[in-house]
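For reference, the structure I am asking about is given below.
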C-alpha cells in the first residue's frame, strides 16, 4: 500500500464567535466545526464526505486546501503538516492541492474574462507565459467545454451555470494537481446539467488519477462519484467505508437513517417512518458523550458518558458502541 | 370521478421586462382532483413558481395573466374581483413558500403571525386563535412551547413546519407548496414530506407540490404535471409517468437523476443544451432543440397537449412511438449527441 | 539700496471687526501704491493679543483700538499709559515709543492740578505725537445707538459726551411712556461675571455701574461729579477729603458707612483684585474723619484722581465681602473668581436674576437717591447683529445698546420703522494702526509720517466706517473738547502725493516701484 | 444574561474610547502654541500676579502631572476652571446643556416623525410624479448650510412676518415657577419654533430617505408577499409588516443623529441666540477660554459616544434577530 | 448574483468610469455629474470668466467705495458687496476654493478610509482591532467642534477643514469598506484566488480593490459636500480664511454686512445656491449609486 497523500489525526477546527475583547474577557463561545477527525487518503482514492448541513464538511475541505488553520491535531499532505508550509513549499502545495467551489457564480471574479480567470493560477505558479494559451485550451477541453476558443474572452455572466462550473473545474485542474476538494459542486446547478458535470468529474478524476474529496449531503450523488464514503455528524466521523457497503448495509444508526431518508424516483419506494426524529442540535452546545445520542433510537446510558471511538467492523470504521454486522 | 377542485385551462402568464414580454407560462392546462397531491416538476425557470403564485393571484408587479381560466370550486380565479379573490385567499387556497425563513416576518413572534391570520382572516377571538395555534403546532409536530419564539430562533425544518401550520390554519381546500423541501437535508425533507402527506390525508386537502426533484414527486404525489419552458408537456398519474413516460423530456429527466437503490451505478445522462429564451421562443416544439428524437415537423409545428390515454396528457408529435423511444432513450449515446 | 521686506499688517477678522478689517484692506492697498510689499494677516483677538503684547519684538504693524470708557474722559490714561517709556516693556506702550521730552511732558500734566495749566501741557503732548507719528491715527468712531421712542420719552435720553446714549445717566432718567416699563437692551458678548472686584468685560461694566455706587461719577459732560459723595476738598496736592452722602443703603437694607467705603478701597488694593488694583495704587493711606469724611493720602499728586479712582472703584458692603476675602486670602483663587449668588450693592438697580448667555434682569431700587424711572433693566445676549436689529423692530428689545453693524443700516431701518430713534456720538475711543517702533523702518519718523499720510482719512471714514466716524490725528477725542487739540487734526495733510514726497525727501528709493531703504540703511530683518 | 455580555463589552470599549478622546482633547489644548492664559493676563499685572494666575490654573506643573490631575478631576466630575468666567466649567455646562438637549431632541423628533411618514409615503408612491419631484428637494435640504437656512427663516418668519421671536428661549424678563412650566409655556415654544424648524428641515432628509429605501426593500421581501397571499388587509401589509420592518434601522439612526445634531447645533445656536452648549463652545474658543472649550467639547463628545452606544443597544433590543440570538 | 461588466474595449476615461461604476445612466447621477462638470470648468477657467479680481476693492472717483451695488448696476452682474467687491467674480473664484477644499477633503476621506477599511477587513485580527478602535475614537470626536478648535489653533485657512476631515471623517468610509471587504474576502472567487496561490497583495489589488472603488467614490462624493458645508459653517462662525474667497466666506461677509436688514438678497442667495447645487450634486451622484449598490431597489 502506498503512503497516504492526506493524513488527518485527531484534527480539530474550532471557530471562536465574538471579538477580540470578548475573547480577552473569556466571553466567547466556540463552535466545534471539526472535532477530532482522523482518516487518511491514498493516492488516487476518491472519498465522499456526507452529512447534514452544518456538520463540518466544508470546514474539513477548507482545512485540506489551507483556507483554515487547524486548532488541534494534525493535518498532513504527503507527510508535511499543511499549516506549517511556507515559501516555496507552500507555493508547491498551492499548485498541487485544489478546490472546486460550490457556487460557480460566486467562485469566479465577475470582472475577469474566462481567460484571465484561468491565467491566474498559471501566473502564480510562474509557468512560462508562452505555454499559457495551450494549457488553458487543454484545461477547457478536459472539462468538456467543446470549442474552448469561443469562451476565452467571455465574462462569467455570459455563461450558463453548467459551463461556469466547468470553468471553475478547469481552473482547479489547470496546474494538474494531485488532490482536489470538491465542495458540493453541483448543488447550485439545474437537474438536467448536474449529470454532465458529475460525469466530467468522474472522468477527469480517473484520467488524471486524482485523489479527490467530494463533499455532499446527497448520498445518491456521493455514490455516483466515490467508492469510499465518510459520514459526518456534528464535527465527528460516524462511519467510514466503501460506499456500496454503506448504501446497502449502513452500520451506524445515523447512516441508517440517512440511507432510509433518501427518496428515489420510484413510486413503490418504502414509506416507512424514519428511525430517527428531530433535527441536529446546536453545534455550540453538543450533547455529551456520543454527539448523536439524543436522536439515536439505540441510545443507552453509556452513550451519554463515553465518546464512542471508531471501531473497525469489516470493511468499515464505525463510531458507535453498539454497531455490529 | 368528481369534478376536479381546480381546473387550469390555457393559462398564459407574462412578465414585462422593458419592451419584452417573457411568457413564463403559456397555455398551461391541468386539473387538481379533490383530495390529491399533484406535483409540478420541471427545470429551473420553466415557470413552476409563476404558475403556483398565479393561483393566489399575488404576482410580481410586472406580471400579468394574459389568458385562460382557473376554475376553483366553481369560481374563475382569473376573473374574480380583487375583493372576492382576497376572501378566497388563505381560507380556500393557502401557500407554503420555498424559503420559510424569509416568509416569516422576522420582527414578530411566530405565534403572533399565526394568530394574526386566524383573527384577521378567520374571525377568531384572540384566545380562540391562541388555542388554535397550539393545536396547529402540535399537528405539525413542534413543541407549542416554542410558539413564542421568533422565526430566526427556529431551525430550517421547524420553520418549514411552522409555514405548514400557518398554511393549514384556516383549513383551506387547496394548499400550494412551492418547493417546500428543496433547501432541507434529506432527513428533515423526509420528515416534512411524511407530515404533509398524513395531514393531507387527515384533512382531505388537495395539494399542489412544486419541485424539481422527481424523487420527491415519486415519494408523495398522486399525479404529476411536467413543465418545460412555460408549457405543460406531460400530465398523468405519477406511477405511469415514471414507468411509461410519453414525452422525451420526461424520459431524459429520469436518466439525469441518480437513483440510490438501483443496482450498480448506471451512468447518468444529462440533457445537453439549455431551455429556449422565453422572450423569444422558437417555433414548433420548445424541446426540439434538445430532443434526440426531434423531426422536422417538431421544429415547425407546435404539438398540442392531448389526452393520449385516459388521464394521460402529453404534448409530443411522436407520442405514439413512445414505447420505442423509451428503449432508445435508455442508451446513453442517444442524449450525448443531441444539440 | 536695500528693498524693504514684506510688511505684515495684522487685523482681526471681518466677522469680529468689519470696519477695522475694511480699513486695513484699504490701507494695505494704498501702501502698496507706494511700492511697499504688504501682507495682511488676519487673526482672532486672542492670537493678535498674544502676538503684539507678549512678543513685542516680532511684529511690524497692527490694527488696534482703544475703547471709550467713562474713566477715559480724563486724557491722562491715554496720553500717559500709551506713550510713556516706562510702560514700553510690559504696559500699554507696546509700540515701544521712547521720547524723554514727551515723558517729561506727560509726567508734568499728571501732577498739575490746575486745569488750565494742564490743558496747555496736554495739547503740547498731542502736538509732539503729531510730529512723531508713533501711531497712525485713523478715526474716532461714531457709535450709533437706537431706542424705541414710542416706549421711552426721547427727552429723557442722556447723550454722555464721548460715550453716547448708552450711558449710565440714560438708565436713570429714561422715562417709559406707556405700559412697557422695562428697559430691554442687548449685548453681543456673554456676561462673564457680575463682580465689583473684577474688570471682566465692557458689558459686565454696564451692570456693575448700575448695581454699585461709586463716590464720583463721570457726568454727561465728561467731568467728574459727586455721586455717593457730597463733595471733596483738596487739603494739599496729595491729600483729599471726601464727604459721604447721607442715608445710602445697600440692597439688603444695611446702611452704607464710611467704613464700607474704606473697606472697598482696601479690597481693591489688597491683592485679591489685581485688575482694580492699579486704580487705587496711588493711595497710600485712607482715614475716616468723623463718621462720613474719608481722607485719602496719595503717593504723588494726581490730576485725574477723581475720574480714575473715585469714579472707578465700586463701593461694596463690608459685611458681605470681609468673610469672603478672608477666605480667599489663603487660596490660589482671588476675588475675581468669586461670583456672588446675589450681588449686593447700593446702586440704582438691584440684581434679580441671571440666565447664562441669555439675559440678566435688574430691578429699579426705589430707595435710591436717584431712583430710575423704569421698572427693570433687562440685558439680553444676542450674538447675531442681524437678529438684534430685528428684535429691536419687533419689540423684543427696546434699546439697542450694542450694534456691531453698519450704522447706516440702523438709520435706514429706523426711517422705515418710524418708531425708532437713532443717536450717534463721537467716541472717546479711537481706531489706529500701531507701528512697531523697535523695528526698522518704523524707527524712522519720516517713514511713519509717510505711511500715515499715504491714506486720506476720508477714505477710511467713508469706506470703512460708512461715514460714522470723524478723522483723527490725535489720541484725545474731539468729544473731550477741553483737552482736544483741533489744529493737529486740521493741519494734517494726507494723500498719496504727500506720502511720496516725504519718502523721496527722506531718501527712500524706488518710491512707487519696490520701496527701498535710504542709502546706507540695510534690511536687517528680511530673510 | 446573554444579552448583557455584549452590552458589557460595548460599554467597556466605549470607556476606552472616551479615555482616548479625553487624552486627545487634553493634548490638543495643551500643545497649541502660546500660553493658554495669554489672553487673560492683563498687561498691568505684576510678575507675581501673573504667576499666581498660572498657578491658580495649575499650568505651572509638568505636562504629565497636569494630565494626571485632569484625569483625576474628570473622574470626580470636575471639568476644571474657566479662565474667563473664573468659575467651574461643569457648573456652566450643566446650566446650558438642557437648552441644547431640548433643541436637539425636539427638532429630531419632529424631523423623524415627518421623515418617517413622508418616507413611507414616498415609497408607496414610488415612480409617481410627486416622488420624482420630491426627491431632489429633499436632497437639496440636506445640502443647505444650516446657518443660511436659519437666517432665511429668520428673515421670513421673524423679521418680515413677525410670527416668531428672533432669539433666546423666552421673552425678556419673564419668569417661570419651574423648568416644566417654562418648557410647556407658549412663550418658550414660540421661541423654540424657528431654531427647531431649521434643524428639523435639515435633519428630516436622513429618516426620510432611509425610511423610503428600507420600505422599498422590505416591500420586496417574501414575508410581505406572503402577507398579501394571506389576504391580509393593505393596512396590515403596508404598516404592520412593511413599515414595522423598515422602521428598525431608522429608529437606530435616531441615536446617531442626536450625536450629529449636537455638533451642528453650534451654528444654529449662534443664529438664534439660543443659550446652549454649542454657542458656548464657540464663544470659549474665540475667547481662548480653553478649560471651558475643552469641557464643552468633552460634554458633546460624551453625548455623541453615549448615543453611539444607545444606537447599538437600540439595534440589539429592537431587532429580535439580534436580541434573541 | 452575477454583476454586469462592460464587454467592449473601453477608452481610458470610460475605463475609469467603469471601474468606479459611475452611474451615468441614472438621471439623478447624470444631473449631479453635469453640475460637477460645470463647476469644475468654472473653477479652472475662473481667471477668464471673472471680470474682476474677487478681493479687489473697487471704488468710485471721489474716495467712495463702489459698494452695495444691486445686481446689474454699473456692469456688475450680481452687484457688489459692502466692501465694494464684485459678487459674480467672487462666485466664480469661490468655485475654485470649493473645488480645492471639496476634492482634497474627498480624496483624503476616501483614500484614508479605503486603506483603513482594506487593511482591517482583509487582515482582521489585531490590525482590525486596532484600526476599528481608532475608528471608534474618531466616531467619538464631534466633528464641527473639532474643526472649530483646529481652526482656532492654526492660522485661518481653508485647509483646516480639509485636515480635520482627513483626521476624523475617514471613519465612516473605513467602517463601510471594512464590512464590504469582510464580505468580499469570503466570496468564492477571493478564496479561489487564495487556493490557486495568489499573494495577499495581489488579491487585495486585483480582486478586492476594484469592488470597493465605487464605495470609496460614493463616500468621496458625499465628503465633497461635507467639506463645502463645513468650510461655510466655519467661516460663518468667524474662523474662516479671509484671504481665500469661498462661498462660505461670501455668506459670512453678507451676514456680517447685514444683508437681511438691508434686504440685500443678492449677497447671500447666489453663494447659498452655489453651495446647495454643488453639495446636492454629490448627493445626486450617491443616490445614483444607491441603485447600483442595491440593485434590488430597481427603478
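Lettered A, B, C, D and E in written order, each chain numbered from 1.
Methods note: a contact is a pair of C-beta atoms (placed from the backbone, for glycine too) under 8 Å apart; a residue touches a chain by one contact, two chains touch by 3 or more.
For clarity, every value in this text was computed on a predicted model and none was experimentally measured.
Engineer: Please identify each chain that touches subunit C as well as subunit E.
Structural biologist: Both-contact set = D.
Engineer: Please give the intersection of the contact partners of subunit A with those of subunit D.
Structural biologist: Of all the chains present, those in contact with both subunit A and subunit D are B, E.
Engineer: Relative to subunit E, which chain has the most distant C-alpha mean position?
Structural biologist: Most remote chain from subunit E, centroid-wise, comes out as B.
Engineer: Return the chain whose centre of C-alpha atoms lies at maximal distance from the corresponding centre of subunit A.
Structural biologist: Between subunit A and every other chain, the largest centroid distance is to C.
Engineer: List the centre-to-centre spacing of subunit D and subunit E in whole Å, with centres computed as mean CA coordinates.
Structural biologist: Subunit D and subunit E have C-alpha centres separated by 23 Å.
Engineer: Report the inter-centroid distance (CA atoms only) between subunit C and subunit D in whole Å.
Structural biologist: The answer is 40 Å.
Engineer: Quick one: subunit A and subunit C, Cα centre-to-centre, how many Å?
Structural biologist: 89
Engineer: What's the distance between the Cα centroids of subunit B and subunit C, rounded to whole Å?
Structural biologist: Distance between chain centres: 93 Å.
Engineer: What are the residues of subunit C that contact at least two other chains?
Structural biologist: Where subunit C meets two or more other chains at a single residue, that happens at 16, 44, 384, 386, 390.
Engineer: Would you give the residues of subunit A that are in contact with at least 2 other chains, written as numbers and ranges?
Structural biologist: In subunit A, residues 19, 21 touch at least two other chains, as defined above.
Engineer: Give me the residues of subunit D that touch two or more other chains.
Structural biologist: Each of 13, 151, 154, 159, 270, 286, 288 in subunit D touches at least two other chains.
Engineer: Per the contact definition, I'd like the list of subunit C residues that touch subunit D in the complex.
Structural biologist: Per the stated touch rule, the residues are 16, 44-47, 49-50, 53-54, 90-92, 94, 182, 184, 190, 192-193, 198, 200, 274-275, 277-278, 332-334, 336-339, 353, 355-359, 361, 376, 378, 380-384, 386-387, 390-391, 393-394, 396-397.
Engineer: Hey, which residues of subunit E end up touching subunit A in the complex?
Structural biologist: Per the touch definition, subunit E meets subunit A at residues 1-5, 7, 125-126, 129, 187-189, 191-199, 202, 207, 210.
Engineer: Quick one: which bits of subunit B touch subunit D in the complex? Just the residue numbers, please.
Structural biologist: The touching residues are 56, 58, 86-91, 95, 97, 99, 102-107, 109, 116-117, 120-121, 149-150, 152-153.
Engineer: Report the residues of subunit E in contact with subunit D in the complex, numbered from low to high.
Structural biologist: Within the complex, subunit E contacts subunit D at residues 28, 31, 133, 136-137, 139-146, 148-149, 152-153, 225, 229, 232-233, 236-239, 248, 251, 255, 260-261, 268, 272, 275-280, 282-284, 287, 290, 294, 296-297.
Engineer: Using the touch definition from the top, list the residues of subunit A that touch subunit B in their complex.
Structural biologist: Going by the criterion above, the answer is residues 52-53, 160, 162, 190-196, 198-199, 217-221, 223-224, 247, 257-267, 269, 271, 273-274, 276-277, 279-280.
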